[in-house]
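The structure that follows is given in the form of structure tokens.
Chain lettering (A, B, C and D) follows the sequence in which the chains are written, and residue indices restart at 1 in each chain.
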Amino acid sequence: MNKVVANADEAIRDISDGNVIMLGGFGLCGIPENCIAALVRKGVKDLTCISNNAGVDDFGIGLMLQKRQVKKMISSYVGENAEFERQLLSGELQVELIPQGTLATRCLAAGYGMPAVYTPAGAGTEVAEGKEMRSFSGKEYLLEYAFEAHYAIVKAWKGDTEGNLIYKETARNFNPLMAMAGRVTIAEVEHLVDAGGLDPDCIHTPGIYVHRIFQGVNYEKRIEQRTVRKT
Amino acid sequence: MPLTKEQIAQRIAKELRDGFYVNLGIGIPTLVANYIPAGIKVVLQSENGLLGIGPFPEEGKEDPDLINAGKQTITTIPGSAFFDSAMSFGMIRAGKVDLTVLGAMEVSEKGDIANWKIPGKMVKGMGGAMDLVASAKNIIVAMVHTNPKGESKLLSYCTLPLTGVRCVKKIVTDLAVLDVTENGFKLLERAPGISIDEIKTKTEGKLIVPGEIPEMSF
Amino acid sequence: MNKVVANADEAIRDISDGNVIMLGGFGLCGIPENCIAALVRKGVKDLTCISNNAGVDDFGIGLMLQKRQVKKMISSYVGENAEFERQLLSGELQVELIPQGTLATRCLAAGYGMPAVYTPAGAGTEVAEGKEMRSFSGKEYLLEYAFEAHYAIVKAWKGDTEGNLIYKETARNFNPLMAMAGRVTIAEVEHLVDAGGLDPDCIHTPGIYVHRIFQGVNYEKRIEQRTVRKT
Amino acid sequence: MPLTKEQIAQRIAKELRDGFYVNLGIGIPTLVANYIPAGIKVVLQSENGLLGIGPFPEEGKEDPDLINAGKQTITTIPGSAFFDSAMSFGMIRAGKVDLTVLGAMEVSEKGDIANWKIPGKMVKGMGGAMDLVASAKNIIVAMVHTNPKGESKLLSYCTLPLTGVRCVKKIVTDLAVLDVTENGFKLLERAPGISIDEIKTKTEGKLIVPGEIPEMSF
């Protein structure tokens, strides 16, 4: 059993046209930069991408949109992205918008073997249309199903050869949830260490959820909204 | 005179209580953090996975791994904790967040809120707003009383697609502070120099005026 | 806002007869020793206790059983405990046995605001009797409801004045789940530090879930099955 | 000669494959850890919150915070990870654990298992067994073929309250290795010196004997 692969190209080698893939990150924070670049190089297309956001025009998932590799986005917020908007309006791109907590919880459900979960988010709104509703203690909930994805691609701060992962600050976000939810989970990390190099009490994603791991290179870690204190 | 955005934030900050865990939405709500009253402590939650938001970083100290839900670079305070998005919305759904402050395009007299979608315009998504409004124990809306055309945004019924139903508890606008009650918007305070008549005129939904209405003071 | 209390007696001051309380721990590992001792001192009775196990005759929840303080136990396994067996057979004590994963998940559901969850555990067995069943992808699941408890009492390794908690090794078990599930959550810790004394990336229970915290004393940490290597 | 408990464990260990994550129940299953074949690596899961169980500690090195699901003091291996009980059963329910080995009082020819309750006796509880059998992709039962009275424990129908239905895939007893198939127990191997007739006699449920049955070798 060896989970360690050489690089992003090897990690994503078998991702195919039409696959459903999850990509961790919130905005441009904690996104799997190396794997996105490899997916662009590979040119795989007709992908369904489950990711909270869709990147910006020239970074993150935006790079895959530029190459018309994405058939459908499942996201909670698809911000400032002109190419995204163009493809959406022209009908080239399908978009399914779902509440952010529902997105997170549907990943959790997959990782925890729960086929569906109840959430109040969207009750009484168009999000509830066509969905099964149920009342608990007088409050309305939607039944939301666990995601199914061929691949989950996540970015962590540190990882070990067993696939254990630790995230840094708010770069954690959806990464540990998607790591649990993929049929095959690929992790790129800033620092890859040997087994025993991480504190077992501080691991966010146990290695059982991770199938392939590699140490990424040349992280740009672009900041979307640089904001500083007035002095 | 109508309140400035800063004054709306300042007025909302008076609703904070010691020990509150608070989620502040993007825009005016974010400014509330600048006016936390002396002597009380609140902990700010960011739904992307942080309890204990600190001030914006000093120039040059920005950390790309540390952002708020508006994707702005931030810092943390001592005693902060990071967690994943499922736990973040878990604590929101479980009612552990004491107060949510967010903006709105429209609010109805029943407390319905619309703030995510305008038909005909590019829809960017609801982000975490639907989870927040469906779950929060206490929601205060920060908004301008009327739209740029001068039309009321406090309505009998929302005309825009809803974000959540019967969830808003209190509204602070540039003109007034109002509670959402079973019988409609109840006027609590006026902005300095704003008449009850002006508020009546600019409120399309049912407005209750319980006698004398004090002016806000800052 | 001050979450820090002086000791266990102050922490449990308002627990009343008839309350539903959750107690963390697996076997005797990670149990809130100080609070159990204080509950025995206080003599509060008719308690419903949600805890994976019921302690042994002279330690853990067994101490509360000796004093007849427990009306009902909700557990997955009630091992070697003679007084427990006596009270059960005599009808003094009610016991509800539920699968361990269901116990854990019903705590998680409470902490995550999910009113109910689906689990396959117990399908086709007497555990499913009277419960709502539903089939997802051809597999049978039981609908299990989130727990409601007046108090959750947990034991952590380290904690800070904000209520943030870190557990050690397998003493984690049900503690973080119950910490999220109590209407009021009381945490006893081996080491209490000031805000800022814990790594924010390594916190298992964020302070928002914890209402009272204190540094416990005189931990015995009894081992139930001391097992060593044959040399 | 019937297998010893150690030999049952040793035979089960041959089912392990490189990279397997395995949950071993209390009793005979725990012994499987002693016979992991050379050249393959398996990671042992303990449902109280650990991946990477190591050997029992040396005398004097016992850590009360570090136990297995049988409440025994243990150690960890490099690369281990701790987690809470919800995640532990989450990974079990999600099918991330490749193999579960557990004991049984009875198994039916349909793969039903009973191992938690005997009517009339003090019931200690199912612990994690119901979650494991309801969720595991692959379940091997380690058991003695007959009870102390000599009665078969491999039955047409279980007589004891069930732990799970149609879940057992393979059984290793002191007498035989059997697969649970759509048509009943399929005999795969015999213990050294044990005849097919003896196995037939001691198997109450439907037994399929597909021609020559090899003896196990150790």
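Going forward, a residue touches a chain if its C-beta (ideal position, glycine included) is under 8 Å from a C-beta of that chain, and two chains touch if they have at least 3 such contacts.
Quantities reported herein were computed from a predicted structural model and do not represent experimental measurements.
Colleague: Give the chains in contact with both chain A and chain B, ordered by label.
Modeller: Both-contact set = C.
Colleague: As a test of understanding: of all chains, whose mean C-alpha position lies farthest from that of chain C?
Modeller: Max centre-to-centre separation from chain C belongs to B.
Colleague: Can you work out the whole-Å distance between the CA centroids of chain A and chain D?
Modeller: Roughly 37 Å, centre to centre.
Colleague: Can you give the whole-Å distance between the Cα centres of chain C and chain D?
Modeller: 29
Colleague: Measure off the straight-line distance from the CA centroid of chain A to the CA centroid of chain C, and report it in whole Å.
Modeller: 33
Colleague: Listing for chain A: what residues touch at least two other chains?
Modeller: 105, 112-114, 119-120, 167-169, 172, 200-201
Colleague: Name the residues of chain B that each touch 2 or more other chains.
Modeller: 76, 82-83, 86, 89-90, 92-93, 135
Colleague: Name the touching chain pairs, please: which are they?
Modeller: A-B, A-C, A-D, B-C, C-D
Colleague: So in the complex, which bits of chain B are touching chain A?
Modeller: Its residues touching chain A are 46-50, 55-59, 61-68, 70-74, 76, 82-86, 88-90, 92-93, 112, 122-131, 134-135, 161-166.
Colleague: Over in the complex, which chain A residues touch chain C? Could you list them?
Modeller: Touching chain C from chain A are residues 105, 112-120, 136-137, 139, 141, 166-169, 172, 199-202.
Colleague: Across the complex, what residues on chain C touch chain D?
Modeller: 26-30, 52, 75-79, 85, 88-89, 97, 99-105, 107-108, 119-127, 157, 167-177, 204, 221-231
Colleague: Quick one: in the complex, what on chain A touches chain D?
Modeller: Listed in rising order, the residues of chain A that touch chain D are 1, 110-114, 160-162, 164, 180, 194-196, 198, 200-201, 203, 206-209.
Colleague: Where on chain B does chain C make contact in their complex?
Modeller: Residues of chain B touching chain C: 18-19, 21, 40-41, 43, 45, 51-52, 76-83, 86-87, 89-97, 135.
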